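Have a look at the structure that comes next, please.
A, B, C and D label the chains in the order they appear, each numbered from 1.
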Amino acid sequence: MSESRKGVARLVVKCQDKPGIVAAVSGFLHSRGANIIHSDQHSSDAEGGMFFMRNEFYLPGMDMDGLEAFKQEFSREVAERFGMRCWSMNPAWVRKKMAILVSRYDHALMELLWRWARDEIYADITMVVSNHPDLREPVETFVPFHHVPVGRSPEEKAEAEARILDMLEGQADVVVLARYMQILSPKFVQRYPMKVINIHHSFLPAFVGADPYRRAAERGVKLIGATAHYVTEELDQGPIIEQDVIRVKHSHSIDDLKSSGADVERHVLARAVRWHVEDRVIVDGNKTVVFQR
Amino acid sequence: MSESRKGVARLVVKCQDKPGIVAAVSGFLHSRGANIIHSDQHSSDAEGGMFFMRNEFYLPGMDMDGLEAFKQEFSREVAERFGMRCWSMNPAWVRKKMAILVSRYDHALMELLWRWARDEIYADITMVVSNHPDLREPVETFVPFHHVPVGRSPEEKAEAEARILDMLEGQADVVVLARYMQILSPKFVQRYPMKVINIHHSFLPAFVGADPYRRAAERGVKLIGATAHYVTEELDQGPIIEQDVIRVKHSHSIDDLKSSGADVERHVLARAVRWHVEDRVIVDGNKTVVFQR
Amino acid sequence: MSESRKGVARLVVKCQDKPGIVAAVSGFLHSRGANIIHSDQHSSDAEGGMFFMRNEFYLPGMDMDGLEAFKQEFSREVAERFGMRCWSMNPAWVRKKMAILVSRYDHALMELLWRWARDEIYADITMVVSNHPDLREPVETFVPFHHVPVGRSPEEKAEAEARILDMLEGQADVVVLARYMQILSPKFVQRYPMKVINIHHSFLPAFVGADPYRRAAERGVKLIGATAHYVTEELDQGPIIEQDVIRVKHSHSIDDLKSSGADVERHVLARAVRWHVEDRVIVDGNKTVVFQR
Amino acid sequence: MSESRKGVARLVVKCQDKPGIVAAVSGFLHSRGANIIHSDQHSSDAEGGMFFMRNEFYLPGMDMDGLEAFKQEFSREVAERFGMRCWSMNPAWVRKKMAILVSRYDHALMELLWRWARDEIYADITMVVSNHPDLREPVETFVPFHHVPVGRSPEEKAEAEARILDMLEGQADVVVLARYMQILSPKFVQRYPMKVINIHHSFLPAFVGADPYRRAAERGVKLIGATAHYVTEELDQGPIIEQDVIRVKHSHSIDDLKSSGADVERHVLARAVRWHVEDRVIVDGNKTVVFQR
C-alpha cells in the first residue's frame, strides 16, 4: 500500500471563501503536472463564510524534497494571494506517529490495533500507555506498552502526566484516548491542539461526564451512542468527529448496554482515527468538516 | 381488519415479580377456553423486581359483556391472589379515541392521518386541534379540525387550555402532540396521565427544551434524532417510548437538518402512537417496557 | 425557494478522464464571474477511466437567454477541447415536468405528492396516470388524474401504452413508476431513456420479478429492501439509483412485510426522484454516480 | 459468568400448535419450583401452525443429574401429552464445543476469538482448522490451530475432509465456517445437521455463489450485505440466521467494498454464533425463529 502512496500528497485548505479559489488551486496543480485523484470542497453558507478543500493529488516522482519545494511554490503563488493562513500539504506515504492512551478496557484499543495490523489505519503506532498494567500482554504482540500508574492526589496526577508527555515527545503526531479514564490537564491539551482524539461512551451532548451507560439506563433511552471528538480544555465539549448509535430495549441490563456500547465505541473511534490520519477532518470552530471516502 | 379483532382482547399486567405468575395467567386463560395469540413477558432484574406481561388472546364469541365478566373472573381468581394492582384487559376490536394537537408543522400530523387512513393506526381520530388555522383544509378531508387560538398572557393560555380540555372531554383516550408548540399545564397533564404523547425533535436527553435543531447545528453533531415520550409535569422528562436518529453532515444547513429531522419525527411518533393504541407500552417508573410486534 | 434558485445552474459532465479538466472547468466559470456553490467530482479508477463532475454555480442576472449563451461558450471553450460528448447545463429555477404512473397502491405516490407539496421535490407534476380509477380522489386534490385502463391482450396493452405516450408528449421530462404494475414496452423505454424511474419492492438483484415479498418470506430473509432504478429494456436490470432495507423477524406475517416494505419503498423512491430532478444522478454504464447533498 | 449460570437451563420446544401448551409448560416449571427468567413464544400463523418456545429457567441446586431427571419428568408429563417430538433442555452452565474452519481471511475469525475471550460467546473453542498455514500465529495465542491442506482433485478434497471430520469427532457441537473457501460434501453436512454455520459475503439470495463483491460492484448496488446461515446440501440455500448491510457508494472500489463488507461479515457471524450457542435459534423448515435478547 505504501508503494502506491508514493508521490501522492494531500492539500488541505481552510480560508475565507472568495471567488476563484477552486480555479486557482486546480490551475496551480494542473500547471505543475499534478493529477488530482480526489477533490472535496465545502463552503459554509453563512455570510462571510469559510471555504474548505481537500485535494489528493499525484505528482510523479515527488519525494520529501520535492514536496517541500512544491509547498513553497503553492505558498507564494496561491496561498498568499488568497490570504490562506490555515493550509497543509502532507505526504500520503509518510505514516503519522500515533500514541494510544488506555486504562483497563481493551475493546477500543484492540479494534485500533486490529485495523492497523490490516493497514486500514495508515500510521505508526509508537506506543500504548496505560495507567494499569492489565493489557501489557495482548498489546506487546503488536507495539510497545508502557505502564504509567496515576495516583489520586493532584501532585501524583501531574507527575504521571508529565511522564507521559516526556514519553510522547517526538513520538506522537496524534494521541488517541481509547477509553483512558483520566482527565487531561490544559497543559497536555495545549501541547497537542486538535491532535488528541477521545471516545466518549454516549451520544454527546447527552450524558456529558461520568458513567453515561448507567445514566442512559436510568433515563430509559432506546438508543445508546458513542462520540469521537477532539479534546479541548472543556470536558466533552470539543469538536465532534463522528457519532453512531445502537438500539437497546427494556430487556437489556446495564451490562448489555455496556457490551452493545463497546461495539459502537470501537467502530466510531476507528473511523474517526482513520479519517484523522488521512487528513479528512478539518476543524471549523467547535465543529468539524469531514470529507469521507 | 376489525372483523378479525372480534373476540380478541389484550391482558396487560404490571406487578411485583413472584413465582407462578405465568403459570397462573396462562392456566386461567386456558381453563376458560381462551387461545393465546401473542405473549410477551419481562422481569426487571433488580431485587424485588417488577414483572410485565402482555397477552393477546382470542375467546370465541366474546363481546363487551363477555369481556366484562371475564375481567371479573380474572380479578377474583388471579389478580387478587398475586396482589396485581395494575392490570388491564382491553378489547382489540374497540378503537381508542384519539385527539391530535398541532401548531403549524404538518409532517407529523399528516403521517398519522395517512397511516390511520391505511388502518395502520387502529383508532378513532376524533379531532385535530390547532392554535393556528393553517392546516384546516388538508385535515378536514380526514377528520374534524378545531382552531383554538392561544394568547400570550398566562390568563389567555389558561383559557385556551380550558377550552381544549372541554372539547376533549369524553373524546380522547389518548392525546397526541404532533409538534404542538405550547407547554401543557400540570392540570392538563394530570387529567391525562401517561396518555399524552409528545414528539420532541431531538435525541433526548440531548437538547432538552427549545430550538434543538439550531443547537444541534451549533454543537456540530453528526446525527440528529427524535424522541416520542409521555408528557409529565417536568418538561421533556417523561418516559421515552421510542427514539431514532438520522445521519447529517457538514454540508447540511439548519434547513436540511429540519427537513431530515421531520422524517425522523414523523416515523418515531407514528411508531409510538401505534404501539400505544395496541397496548404495547407499559410505563415502569420513568422508563417504558415496549413489547414490539 | 424558486427565488433563491434564480441565476443558479448545474453543469454536469461525464467524459474520459484527462489531466486539467477541473482546472479548465473551474477556470472557465471563474473567468465568467460565476460563483461555484457546490462542486462534486469522481474519477472511476479503472484504466482509461471516466470523469464525472457536478457544479452548482451562480451567475448574477442569468436568465434563459443568458444560460443559452453561456452553454455555447462552455461548449466552444471547454467541452470541445476535452472531447466531452455528454454534458448538460440546466437552470435550477426551472422545474422539470414529471408524470407519475401508478396502479392501486398509494403509499409511494402519496409520499411523492406530499414531498412535492412541501417543495422538497422541485418539479411540476403534470399528471398521475393509473390503470385503475381508485386513487382519483386523493390525487385530484393535488394534480390531474387520468384513468387509462389496460386490457389483458397484447393489443389492448399496446393501445393503452400508446394512449399514455400521447398524454405524456411534451408533459414529461421524467416518468416515475410509483408501483405501476405493468411492464413497459421497449418502445416506451426508448422514448424516455434514463428518464423512467421505477421502485422495485426488493433489494435487487434479490427477488427480481414478481411477488418479491412472498418470496422473501419463503426464503426467510431477515431484512427486506427496496430499489429505485432507471428502467431499461431488461426487466429490473437498469442502473440502480438508491436502495435501502428494513429489519423484519419471524413474527412478521407477509402483510407485515408488505407494510414495512411500503415504508422503505416510499422513502427510497422519494430520494431517487429528488436526486434525479436536482441533476445529481449520472448514469455510468449500468451503474450510477450519485452526488448526494 | 459461569457461576451465575449454575442451575439455569433452557427449554426449547418446537411442535404443532395446540391449546394449553403455555399453561402446561409454565405450570410444570412452577410446580417443580423452577423460576422462569426469560420466556419467548411464537406461533406461525398458518393453518395447522407450529408453536415455538424458549424458556430460560432457574432451579436452585440443579446439576447434570438433576437436569437429566428433570428432562425425564418433562418428557413424561408434558412432551408426550402434547406429542412434542422436537424439544431440548440444555444446561446454561455447560459450554458448547465449537470448531472454526477458516481459509486465509482473518476478520471473521478474529472477531469470534475476541468476543470469545471477552466471554461474549460462551463456548469452548476446541480448534481452528485452516487449509492454509497463514493464521497459525495469531490463532495459537488463543486456541489450537491445525493446518489441513486441501488438494484440487476430488480425491484430495475428500481426503482432507475426512481428516477434518476425524479431528472434529467429539470436539464439535457446532462448526463455524469463518470464510472457509471450500464447499463441504453432503457427508459432512449430514454429520452436523443444522450445526454448521456459514458466513456468506452477500445479502442472500442476491449473489449466491462465488465472488459476490465483484458482482455487487458490477451491478452497482448501493448497499452490500452479509448473511449467516446454516449449511445444507444445497449451496447458500440453508436457513438464514442473521443478515445485515452497509451503505456503499460510487467512489468505493472493490477493495473498499471488501473492507466494508468484512465489517458486516464479522458482526453478522458473531451475532449468529452467539445466538446459536445460547439456544436462541430454532429451525422452521428453511427459515429460522430467532429469540433475540
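Quick note on the criterion: a contact is a pair of C-beta atoms (placed from the backbone, for glycine too) under 8 Å apart; a residue touches a chain by one contact, two chains touch by 3 or more.
Predicted model only: the values in this text are computed from it and were never measured.
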- Item | Pair of chains joined by more contacts [C-beta pairs], B-D or A-B | A-B
- Where in A-D, A-B or A-C does the C-D interface recur, with over half of the contact pairs identical by residue number? A-B
- Query: If every chain is reduced to the average of its C-alpha atoms, which one ends up farthest from subunit C?
  - Reply: D
- Task: Could you put a whole-Å number on the gap between the CA centroids of subunit B and subunit D?
- Result: 37
- Item | Averaged-CA centre spacing for the pair subunit B and subunit A, given as whole angstrom | 42
- Message: Touching at least two other chains at once: which residues of subunit C meet that condition?
- Response: 38, 251
- subunit B residues within the subunit A interface of the complex: 42, 45, 52, 203-207, 218-223, 225, 239-245, 249-251, 253, 284, 286-290
- Message: Quick check: in the complex, which residue numbers of subunit D touch subunit B?
- Response: 19-20, 22-23, 26-27, 29-31, 33, 35-39, 41, 43
- Message: So in the complex, the part of subunit D that touches subunit A is made up of which residues?
- Response: 38, 107, 110, 114, 118, 120, 141, 251-252, 256, 259, 263, 267, 293
